[in-house]
Each structure stands twice: as structure tokens, then as C-alpha cells.
């Protein structure tokens, strides 16, 4: 075995001498540094996505009126400060693209997948650290390439973030040529980064769990991130393949989606949504996992029904693969398929209901501490329920005939993505910030930001249900063109103003986030008194995380365990009766 | 990132290597038979079915003997087979658009 | 927060509205149960000195209950929706005596070919109008929907009907107007920079008045060159 | 050494997949490759079901003899690959190096034959955008020789598209395989692989067999059907 020990020693003597700044912070192979790099990158793109949303909302609230300060925009986008219709379509496309692919997905999978998985399972780092570094440094050029699309001739892609063919396949239809190609290339490159990341996560969770960390002692956040990594691994390549085919339609003149040449426009929708639906579960499952951890911590009580929660995550992941057709009920797809997809879509409401009631069960009989992450987690449950319930309207195919492609759908999207994922992200960033940076974010300003965001979020997106009920179509530049939309302009103005206030209140989070580095209260190892393994090492944890390999004795939710003085029991501390016990 | 596991893996790797030349001959023979079947005057649907079955058979041979799935623990087989049902779902579902 | 659907004017709109209100009631109840429950738990079980959280891991009976109830609700909704869906969009749901029209969507307008007095398409007395669809009241109408360039969507909110017009596909959409009047037709699928101004007007006539209008239009067409009137 | 010690795999059979990290990693990665080729080959199958008339009869446009030889080449390279791994397993470093060189050369020749086939097809007028106007194939199409649904060559647009995308990306994956094979061969000649530790060979071998497996399916459903 000497050859192996020697090889092992050779590979790691790199740690003994001090790494150069570049190797340590820029091209680092430490999962924690990469996690923070993803965090900074995705917060920038979250801001960009938010800015685009403000322009959209201005045009919908005050159609054809010059944007205050809009003169700064070039003539090709907004002559005299008034948005052009084609630029409006680019805004809608890019708002969706940046928010989904470059903000929420990296924030959930890139940041917390990287940061939490090794720490919470007791591993020193990811299974393939260099591959992990490449995964980040492939995502950055994809983001820059996507940003550059705004400044090319013909404007940025303008066929929606779903880029349905043939609108996206033939440049003449939108007047966009380089923009759509850039969009497709950037998505393909980002896909490569996601696939590399997912391979890393799956191998790490399967192989590098600390002794005693059996599958049913894993925290729910790790279960969620592991199942999400499988979804990423198997869904993203479908999008890469479809994007390449669409790219060839644009460049080599192939006819995949061009009916004149024998192609099928519906083929793009099938491929896109076969990726698309697992994608939306990629965007929500990690949030669900982390919210379960935070609510258990906040309630000082084990998660209610740990096994049903794990089963619900797996059920959502499996069912996620057979529901994609509900995006295409009215698209000319075979109506019999519509009935089949309705049934599978309605079934997927069951695991979501299980999770919701289990979160409530966790709070029941708890001793609730309302720290900022707990506030965000409870609002996640409250808002996600509204998103889930509005999904029931679309699952019923006849009702979907009326509300498909209206603002009812936009309300549903934002209630699950903003009300769901983003609230969970705010909570998770605040929760693991002390572990990442060694200092706490200011709790008072955290609560102010939570309250303002919660109020303005509802003011912005709840009225969209009403717009949808009145048939207000989505992605239209100027609703005043239609008589039946005239009376709704008042609601549009209310939504626009609330959206501006919502955007403004995010500045509190940014300031709190940045000031925390310098002026945040020093956080010890375990500021939230949590049981996870990451709270048993100094904050921020050293390279290699654990001085000695931790041994895990029980599940992560042994709060208020009988026979234990404190109301929490870190996983590496044995139970009073010395027994090892799965999370029940 | 070598580790103790490498030695553990080396231990297990000494499973019986099958006679690869036999598998090679089988693959070559199947390819020749396929070439023959492709030009038979039978109805197209039958020819296509036979060809697809032979292709899958060759693919399984490669997976079992060359990729050693035959000698792996069931856990590894799950990783290998997991994506296949997903591949079949999309193709079958979209094909029903044109048949049903 | 208005949840009441705007007035409808087609035969199956009633079925859709009923399903909508049924789901509204079910989701309303679930909404109240969860939100009030969350608020109640947040207040009732807030941390108070001397009281420790109860160390429970969940109970199987509760899990079974809140799995069964959603499952049953969902199955009932599925069965009820399936029937209505087949009546509206099923392959053989188009009534036999439906008056045929051909609507071809193209970037940023609708070309509507009316069957003319003989009520049969592709006969010399057909005439095409731009952005105008005239139908008789109380009689089923079937639209042969197509598109010349990108995907558009034939959406008449008052008739509760929406169907994408896909280039290369001819899809049949049927409805039966029940109230005379003028209703707006919109494009509901992003189809380029003019997507927002792709509105058209659906006018529902009395049967007698419709016949007179059709004969008038056909006569107008026969002496003028066969073309598209603005 | 705490870091190295900390790296050891979890004790006991229950933990992990019972194989070293890189092997599980490559199998997981091949799962994503299966889905990538699902998108491409699945679309080809769907488009072929959608309008069978757009696709020519076997052998009319594509050259079957050359690609049959190419398939045989790839099967041989798979065998030499697995023999190289078996040799490394048995500790016979000499034979391992021989087989690795053989695999690399055969793999490279496969790519060469495919490039030749592409040039030949493009010359004959078979492009990703369909059949070139006024080309040799266009006349055959008009004459109804190719078994297309209609005399108009434009109908075969989707045939060229799917053929070049699928076989092109498979060729790209084979090229990446050849580059990795060359890297592993150089490392082998530098004596980096021992009987106890030759994981690099097995990992690249698994990727190679996967690429061969995809070609076996592609050859049948594209050329022979």
C-alpha cells in the first residue's frame, strides 16, 4: 500500500506551502471559495435581472411614456426614453433568462451545493476539486457572453426565455441575428458548467460521507441538493442538445424546427419543456431542503416526518419527468397527450402538499425563534403554497385554455420562484453568512428588509392573478391596444409602483450583506445553535474543513432531545444513551 | 486525489476477465448479419425491428463485457441504467403525436 | 382582488367557468387552512421562557391524511376536467354541422376566409377579410387554424377559447357563440415585435342578419377583383 | 497528513458505491451524455416518424460499405482498449502500452474515415441544409432514385440536418476520446501506471466504450434503416 500512501502524500503536499493569491482566491479548488465566488457572481446577475424587470414594469405601467433617465439608453433600445417593442421583447426574454439561468440556479445549486455538501456530510472537499474550479470558470464566460448580447447589432434575443421556434430559428421574424446565436451559445456553455458541477456533487455525496453519515442521517438540504444534482445531470444535456440544434437552424440552415424543410416546430417545445420542467424543480428543491433545515432549527424541534419529506423530494423529482406537456396544452399537441399530462401534473400536487403540511407540523408544538432566516423560511412556505395552489388552475386543462399565456401564469411563476426560491435564498444567505464570513448580518436590518420585501412582493404579484382572470396576455408591449385591457391599466400601474418599491428595498439587503463583512458582529462556531456538522468547525472553516474526520451518531434534527440539557445536539456528539439513531 | 480507495479498487479489480476476443467476434458477426438483413426484401417494419433489436443486442454486449457491468455491484448498474427510461419517455411521448 | 371571470359568450364557457370556480373554492379553503395555520402556530408556539419544544418526529396517521385528501381531490378534479377537455379540444369534438372558416395568422394580422352564402369553404363565393371574423349566433363554427410564419395563438377571451396557430399544422378549433355582439380576438403567443397589436374583432350576428350580410359581402366580392379588403 | 487521512473513503461496505471516485464520476458523466444523445437521436427518430418521405432509402445517399468498415474499426478499438486495461490489471505493462497505442491509432483512423465520408457526401451535394441545388444528388432525387417522398429535393432538408448533427457530434466525442487516449498513452509510456493504480486507463476506457456503444446504435438506425 506504500505506493498509494506516497501518491496520496504527493498530491497534498500542495497544502503545506502557502498558495499564491491567484491559486487561493481566484482559481481556487476549495469548495468554500468557489461557493462564495458563485454567490457574488449570481448576486450581480440577480441585480441585472431586477433592473430589466424595472424597465418592463415601467412600460406596462406607463405605456409609451419616456422612462425617467431613459435618455441614457441608446437609440436602438429606447429612442427618446420610450422603449421600442423589439427591445421590450428582448427585455422580457433576458429578464427570464438571467433570473433563471444566471441568478436563482447558480444561487441554489452553485452556491449552496458547493458550500454545504462537503461541510454537512463531513468531507474535506468535493470529490474532484479541480473539476469544481472549472465548473465556476466555465460559468463566468457564459454570463459575460450573455451580457454582451445587449450590445450586438440587431439587439438581444427576443423570442422569450423559452425561445420557441420558428420565431427563434429564423432571424427575419424578429430582426435579431447575432443576439439569438449568443443566447444559444451562452446557454450551451452554462450547461457544460452545470453538468460538471452535478457530476461532482453526486460523486461527493455518494462517496465522501463521514463515517456514520448514513443516507437517513443526511440533512434534508443535502437530500434536496443531491436529488437536484441528478435532475441537473439528466435535464441540462437535453437543453444543450436542443440549443445546438436551434443554433444549427440559425447558422447552417438546417431544418429541425422549420416546417418548410420538413422540421417540426413542436419538437422544440417538447425538447425545451422536457428539460424545462425538471429545471423548475431544480429551482425549487434546494430551497425546500434548506427551508426544512431552517424551520427545524427555528422551531427547536425535529422535522415532522423526515422519511415522508425525503420520499416527497424523490417523488417530485421522478414525477417531474412526466409532466412537461402541461406547458403545451394549447400548443397543438395531441389532446389525448394533454389528458395524460393533466393526470401526472395533478399527481405532483400531492408530494408538494405533503411537504407543506410537514413544515407546518415541524412548527407545531415547537419553541419558535424568529431569527431572520426563520422569517424568510416561514414566508417561503406561505408564498410557495399560493404558487402551488395557483398551479392547480393550470393543471385542469379546460381552465388552462383560458388562463394559458396570461398574467395568471406570470403570477404563478413569480409566487414559486420569487416567493419560493428567492425568499429561501435570502434566508439561506443570512443563515450561512456567519459560517462563510465569520460575521453575522445585522438582524434588525434583516427584519426590515424581510418585512418590506414580503409586503411589496405581495403588492406586486398578487394583483397579477386578477390580470390573468381578465385575460391579460403576457409578453405584450402595450396593453392599451386592446379594449378589454383598458380597465386593467390601473392595476398595471399599481403593480409597477410596487415593483419599484420592491426593487428599492433590495438595497437594504445589499448594504447589509456588504457591511456585514466589516461591521457584522463576530459569529462563533454555532451562532444559530444548529446540529449540522458545518457548525462544529470554526467560521470560516479552514482548508480541508475538519481537523479530524467527524463520526456521526444520529440525524441532524435532534433538537430538544430528552436527556440533553441544551435544546440541540450536533451530529458528531453521541446521544445520551449512546445509541446511534437515524433521523426519524 | 489518490487515496486508500485506489488500493481497495485494485483489490476488487482482479475479477475474471472474460475472453474479449469472443465478444469481439460476436460483435463483428452481428454487424455482418445486420448488413445482410438491411437489404432483405421483407416488409420494412420487420427489417427495421430486426435491425434495432440487433443493434441493442450489440450495445448490451459492449456494456456488459467491455464496460464490466456484468461484474459490477448492483449499485453501479443503477447509475448506468438510470437515464435509459428517461430517454425512452420523451421519444415515445412525442412519437404518439404522429401515430395516435 | 377580483376573482370573478368576465362575462362569457360561448356554449362551453359555462363548463370552464364552473371548473374555475370549483378550483377557486378548493384552493381558497386550502389557502385559508395553511396561512391561518402558519400564523396560529407562529403565535401559539413562539419561544417562551421555561417551555421546551416537544420532541416528536411526526405521526404516520397525519401523513396518511394529508396525502389522501389532496390525492382524492386531485383525482376528482382530473376526472371532471377530462370530460370538458374532450368536448372542447378532443380530436372528434367538432360538431358535424359546424360552419367552416379558415383563419391564417401571419406576423401581426389575421386573414379570415369566410365560407360565403353556401356555407362551404373553398367554393367561389368565399371571401377573405383582414382582422374580422363574422359568425352567426347559436350555431357552431369550426375554424381551420394555420399560420404562415411563426407560432401565433387564436385567443377570444369572451368565448374562453385559445389555440396556438402552428406553421405547418392545420388545427381545428370550434366554438358556438351564444350572445350577439362584438368581441375582441387577441394573439396570446409571443410572435415578434408586433405581437401586442395583433388584435382583431369577432362580430356575432343574428342568424337572419348574418345571412344578409354574407350575401352582401359575397356580391361585393364577385364584381370587385377577388382580393383582401382592408 | 491529516488531510490525506481525512480523504479516506467511509468505512464499511454500506457507504459509497464501492468503487473509487473517478469511476463513479465517469459513469455519472456518461449518464448526462446519454441524455445529450437522447436529444439528438430522439429528434432524428421523431422527425423520421413525422415525415418518412424526407429520408432516403438505405444506401442511396449514405455509403454503407465504408461506414461498415468504420464500425468494425471502432469495435476493434474497443477490444484493444479493454485488452489494455486487462493487461494493466495483470501487471503486463508492455502489452498495455502496445494496446493503448493500437486503440489511439484505430480511433484516429475512425475519425479520418468519417471526415473522408463527410467530404465525399458534401461533394455529392448532401448538405446539413438539405440537398444542394443542381448537385448530383439533386438529379437523382428528381429522378426518384433516392426513395424520397417527393421529387423536390428540398423535402430532404431535415435528413441532412439530423444526419450531420448526430454523426458530427459523435465524431466530436470520438475526437475528444482520441485526445484523452493519447494523453493516457503518453502517461503510460512515462510509467505512471502500475498494477496497483491504473485508474486513468479504466476511466478513459469506459468513456471509449460508451462512444463505441453510441456509434453501434447510430450506425444501424441512420445507415441501415
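Every chain is named by a letter (A, B, C and D) in the order it is written, and numbering of its residues begins at 1.
As a convention for this text, contacts are C-beta pairs under 8 Å (C-beta built on N, C-alpha and C of every residue); 3 or more make two chains touch, one makes a residue touch a chain.
Predicted, not measured: the structure shown is a model, and the values here were computed from it.
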Listing by label each chain that touches subunit A and subunit D gives B
Min distance from chain CA centroid to global CA centroid: chain A
A count of C-beta pairs in contact puts on top the pair A-C
Chain centres computed over CA atoms; the one at greatest distance from subunit B is chain C
Chain centres from averaged Cα atoms put subunit A and subunit C apart, in whole Å, by 32
Chain-centre distance (mean CA atoms) for subunit B and subunit C, in whole Å, is 47
Between subunit B and subunit D, the Cα-mean centres are separated in Å by 14
Touching two or more other chains in subunit B are residues 1-4, 6-7, 82-83, 86, 90, 94, 97
Among all residues of subunit A, those touching at least two other chains are 4, 7-8, 11, 127-128, 234, 238, 260, 264, 266-267, 270-271, 334, 336
Among line, ring, star, complete and other, the chain contact graph is other
All chain pairs satisfying the touch rule are A-B, A-C, A-D, B-D
Subunit A contacts subunit C in the complex at 84-86, 89, 92, 158-160, 164, 166-167, 170, 173-175, 259-260, 264-266, 299-306, 308, 330-332, 334-336, 338-339, 342-343, 346-347, 349-350, 353-354, 356-358, 360-361, 363-370, 378, 381-382, 385-386, 389-390, 392-393, 395-399, 401-402, 404-406, 462-463, 465-466, 469-471, 473, 475-479, 481-484, 559-562, 567, 583-584
Seen from subunit C, its contact residues with subunit A in the complex are 1-6, 15-16, 19-20, 23-24, 26-27, 30-31, 34-35, 37-38, 41-42, 45-48, 51-59, 62-63, 66-67, 69-71, 74-75, 77-78, 80-82, 84-86, 88-91, 107, 149-151, 153, 155, 157, 160-164, 166-169, 171, 184, 186-197, 199
Within the complex, subunit B is touched by subunit A residues 1, 4, 7-8, 11, 127-129, 230, 234, 238, 266-267, 270-271, 274, 321-322, 325, 333-334, 336-337
Residue set of subunit A touching subunit D in the complex reads 3-5, 7-9, 11-12, 15, 124, 127-128, 131, 195, 198-200, 202-203, 206-211, 213-214, 233-238, 240-242, 244-245, 248-249, 252-256, 258, 260-264, 267, 270-271, 543-544, 546-549
So, in the complex, the side of subunit D touching subunit B is made of residues 4, 7-9, 17-21, 23-24, 27-28, 30-32, 34-35, 38, 42, 45-46, 49-50, 58-59, 64, 68, 71-72, 75-76, 78-79, 81-83, 86, 89, 195-197, 199, 202, 205-206, 209-210, 212-213, 216-217, 219-221, 224-225
